[in-house]
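Next come two complexes built around subunit A: one with subunit B, the other with subunit C.
Moving on, here comes the complex of A and B:
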């Protein structure tokens, strides 16, 4: 194995790492999240994809200048040791809450749909063991897991043909039937599903061919965006506007339309296979949180990952009221967006620093 | 090595969770409801009848039928569980039957919405309307059929000759109910002695059932909805006294094309229907081997169909019911919210130009 080498991610690893850390829980409720735009929502994922690709540019630009650093070590370098460490701790806490929100959302879904007569503690345990197993192997193991889960789940798109037959193409028109407020709300809610590519800020030093990282990451982003666009178009065709607003997980209703002579309830199959997508994105986030912890403690210890898992586990089991939960999860978005825009600030610092260096020399 | 052993032990420890007190029910302890019948009692209550197939041959009856009166479905199931020998579950639901009175009372969508919300119920559950009572239909005696459950399942499977019926699923029902552009249509069943007949389609206006259309009328609505394969139709060409001339056309392919003038205030809709068919049976004087008489017949069939479609569209416009979604052709060019009132207004004011093209492809292997 190449555990001792730093650089271990090949081009296709980067593609699937980016792609799979984006598709998590977001896709399940995407048409519902965008529903404020009504039928005109179908092209919005394309626009979100362009935004994602644009925000990727400063990230890659910055890290090409610091090829040995990840976001946590770079924070310490740029804004000072104390401030950097504080920020890193904050980031780790944010990541813990975020992973908890992914896992909890998925397990709630499992409880509602697949296992209505059990509690979620046992599935939660099993999930964590798998998660730790994947993360244990390091970033390359996560990348391989991402490749695997992509091919294990992507064929589910085939099942969308039933709703296409039943749907009405005329729903796609008119293209721009929304107000500015509706548009902004949909963009805000929809962007949550697009996030995930910014994790490249942490595994960038592990990429073998860093010059091509931008291209590979962009391919990853656009695979996701194409899947998202396909799903939203099918949803727009299949549902009425009321249904898109009220049905929480439109994808499951799309799968319910499937008629096969030998199998029923394809939605249960779908939601069970979805565990791969959740595992791969949770694993990527958990690994990033571990790196953050490493940077905070200035050493590289395996038990950090267990420590974080325990924190996540505890956080999931804290009985928050529904209001608090919503408040926390809703505001996560702003952190997320701040993190994506953070490299721009670092670029500014970088420019100031290099100018000072030039001036002093 | 060490770590693997630890993993193995910790994983096997988890298997103990499988033996917890929360045992899921075994298959033999579950009664999967296949059909639900709902009859009108009064404003508050309904009569719920469940039909559950029996797979063991120890009893003579192939189904279990339970009936109770309740305000909601779940209430009825909890109530009936105290009579049933097994745990009642809705996972295997196939068809929900409503009686006509219940459908006209306007409460039907509440029940369908409840079923639509329930995650264990599949998406392809059919909704039908029964003329008298659903309880009577489910309790009926069908000596030459295996059981009412299999009979209903087989009856509602889309087949070429019954494509006049829309086969509304729970999703279709909720879709049409929540979409201002289309109105709901549901297959209409009649219980006659030892058979059940798909005798037409029931049309809704908003929440309430308004009309029952015959099979022939249902066929035209299906044609307008864009269903490609519709059943064969008997077309009377002329009848002067004793001598009737009629032809049975098997429609091979139907296509419908709409184009609107995009104007909500003065709506005009162009409807083009292209029909391709072959002659099944013919009774009359024409010599079909002559091309002039052949095309004359084509023209006569075309004209007859056009008149029929016109009658239906005028009738729908007059009643303000739109199961086809004709107004969708105006909505797709309209900016802003499309409300129920607007839809009604567009439908009322709508003028239309109908064009039917008929092509008879073959007359069979005999001249």
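Moving on, here comes the complex of A and C:
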């Protein structure tokens, strides 16, 4: 493969790719997910950010040693062809289910808030056409779309102004009124919203300045964390503990506090605009799934994207019962965490291998 | 999507097809030797051609020329009188022609030369005598400004070239000529300033012009469509202007200007999306005024494609979006309208489109009548008849006005077309549909290229100095940096399966 052709992501592309694949549906329900900690949840995103940044270190360390490989080809290199391929297929299947969970979660929300009394099929179909259009341009096109989405949506933070004035600052007082169990539960649930930066394991070979990748990815992570912290602080100020536990999508409720002369309820606009965030993260994940498929089939074909999208489309349309669905989607978390920790295992293998090499020479 | 891609490939193939396709007739002419009989035979049934025998002191001379190209005064002053007096001097001034290239001789005659045939030494000479009428330099109707130079290009190639060259009196201003059009042999020139231009662009444009395989070029806009990077996109990817000062402005930034004979406009390439909104007057105004007008134009583009679709989605799907009083007003204004909002909007938008189209081809006096009939009579009557709401008439009028703000006519057409995409998607999915359409628009713009350069400059390529002359137009003294789009390397997009 031509080395120069691969290098196409500049520093700011990495920042926004990391940032936008993290922000997705997770943000909408973040205060609810963290609600087991009550009012003390507002500093939790900062802690999650530190964890994310710490787990980023082994990832970057590993891939700086293998600058031409993505996670899928590295799997094959490290744990053998057969095992690696099996693992890659498993990862692709996981990604399919994960993308399905993002898209379905979002479209369900659209169905409830913006388009009641409609079936999901046509909006879903349109969404997929657009998704394929983004992915078709390759990783650089996705990165550009991420930059654009960030600037098209970030101004919505301004809407937090109204809830701040209506909120109560005393909610922020540091009272440790939670147990360890509640803390772990909140961490577990909250981490779901932070995930997404691990995709750098796939697009790392495309980064032009790989030495700076850690810095850029960290900037991306901390932009997200800042937004999350802002949102949780405002939520803590605005809501009561009971509300945070009961309201599924507290961000939409925050929108309702907004008072503008020309618009009554901003939440519809907000949730519609969210399509940019969902599109950008779904596109990044879809591209990664495509790379996984490429590695599994050992060739590079555009139709893999279509194949995966069809799988996702079918998966979304399978009429699971609500309980099964929740069971599947909830357990995705463990895979997610396993994937983030996976590079550590590969580093171990790398160490063993290089020691062996040294011993033999 | 596959179908579109296939169509695109066919189009690309058509553009980059075989070059240098020569007609069999021409080939036969090329191999033949030149003689009066041969010329007469080739120009059989051309009633226009004149063979004027003149007997001079040194023998018989025949002048061959197109009557429609060569005026009588010019002929007599430049050829006939001098030949009668001193044949030698005329022969020295004229070009001597080879005796074995008939097609070249024919080509000279058909482009307005007078061919002088001396019977005695059996030798042909040619003298340029083209003196057909052409339009005078006039004020532009389409890109007029209050301040700034008022001259505009005409259909004459030489006039257009002189209009640019007299503004940049510098030997570094080069022009390369090409002959394109298998039937029309149209002359095209590529203008650039040697030390400013991006060599990559220059290679690209000459490759594209050489690669065109097309019979006849009616106007430079045909050539423009053929050499665009994405023929299927609704967006114009090169700028077109009839103003010499605009051509000059971009030449000085290192762009390429393409001129064509018989065409009033010139192409400027590469061009970014943003530059299609910028008229020359921006640089003649005070910077604050220019900044205000620019932001109006730029944001007007987005308002015009979003305004009426929002009316549809608010009334069809999200009445809760609007404040109560406004909603009440809206509902009151359309309580007699029997259609859903999307039909209502489509109806009135199409009426406006029809009015514009009907008015655009009428003489001014009738055009005014159409404006009155359309605007006042149909508008008021339609509201009173309960076909449309009066609130909508206001919105549609605003968005129609906004769609005329971009300085580039093709861009304002595009904004109208895109509005229909937004209207339909809003009619189907409300705000969600609108956002999907907006996402489509942005992805499309992000992927577009102009001569291989990213179209969405100054966003990409990122060059901070571009911001000084973007939505802002800072004082002229600060605008001394070349634009990112002129400097940056070509954007090599590899297909998904090569990543």
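By definition in this document, the second predicted complex is superposed on the first by the 356 of 361 C-alpha atoms of A that agree within 3 Å, B and C clash if a C-alpha of one lies under 4 Å from a C-alpha of the other, contacts with A are read in each partner's own complex, and residues count from 1 in each chain.
The rule we apply is simple: contacts are C-beta pairs under 8 Å (C-beta built on N, C-alpha and C of every residue); 3 or more make two chains touch, one makes a residue touch a chain.
All of these numbers come straight from a predicted model, not from anything done at the bench.
Touched residues of subunit A were counted for both subunit B and subunit C, and C has more of them.
Judged by the touch definition given at the top, the superposed model places A:262 against subunit C, while subunit B stays out of reach. When both complexes are overlaid on chain A, the residue A:27 reaches neither subunit B nor subunit C. Of the two partner chains placed by the overlay, only subunit B lies in contact with A:241; subunit C stays clear of it. When the two structures are aligned on the shared chain, A:279 is found in touch with subunit C, with no touch to subunit B.
In the overlay built on the shared chain, the residue A:193 is in contact with neither subunit B nor subunit C.
Contacts of A:15 after superposition on the shared chain: neither subunit B nor subunit C is touched. In the superposition on chain A, A:126 makes contact with both subunit B and subunit C. Touch criterion met: A:173 reaches subunit B, while subunit C stays clear of it.
By the touch criterion stated above, A:145 is placed in contact with subunit C alone, subunit B being left untouched.
Residues 122, 126, 129, 133, 264-265 of subunit A lie in contact with subunit B in one complex and with subunit C in the other. Those residues of subunit B whose C-beta lies close enough to touch subunit A in the complex are 7, 10-11, 14, 17-18, 20, 22, 24, 91, 119-120, 122-124, 171-172, 174-176, 178-179, 325, 328-329, 331-336.
Put simply, subunit A touches subunit C in their complex at residues 5-6, 12, 110, 114-115, 122-123, 126-127, 129-130, 132-141, 144-145, 147-148, 152, 206, 261-265, 268-269, 272-273, 275-276, 279, 290, 300-302, 305.
The part of subunit A that touches subunit B in the complex is made up of residues 112-113, 116-119, 121-122, 125-126, 129, 133, 166, 168, 170-171, 173-174, 176-177, 239-243, 246, 252-253, 255-259, 264-265, 267. Across the complex, subunit A is touched by residues 1, 317-318, 320-324, 326-327, 425, 428-436, 439-440, 442-444, 446-447, 459-460, 462, 492-499 of subunit C.
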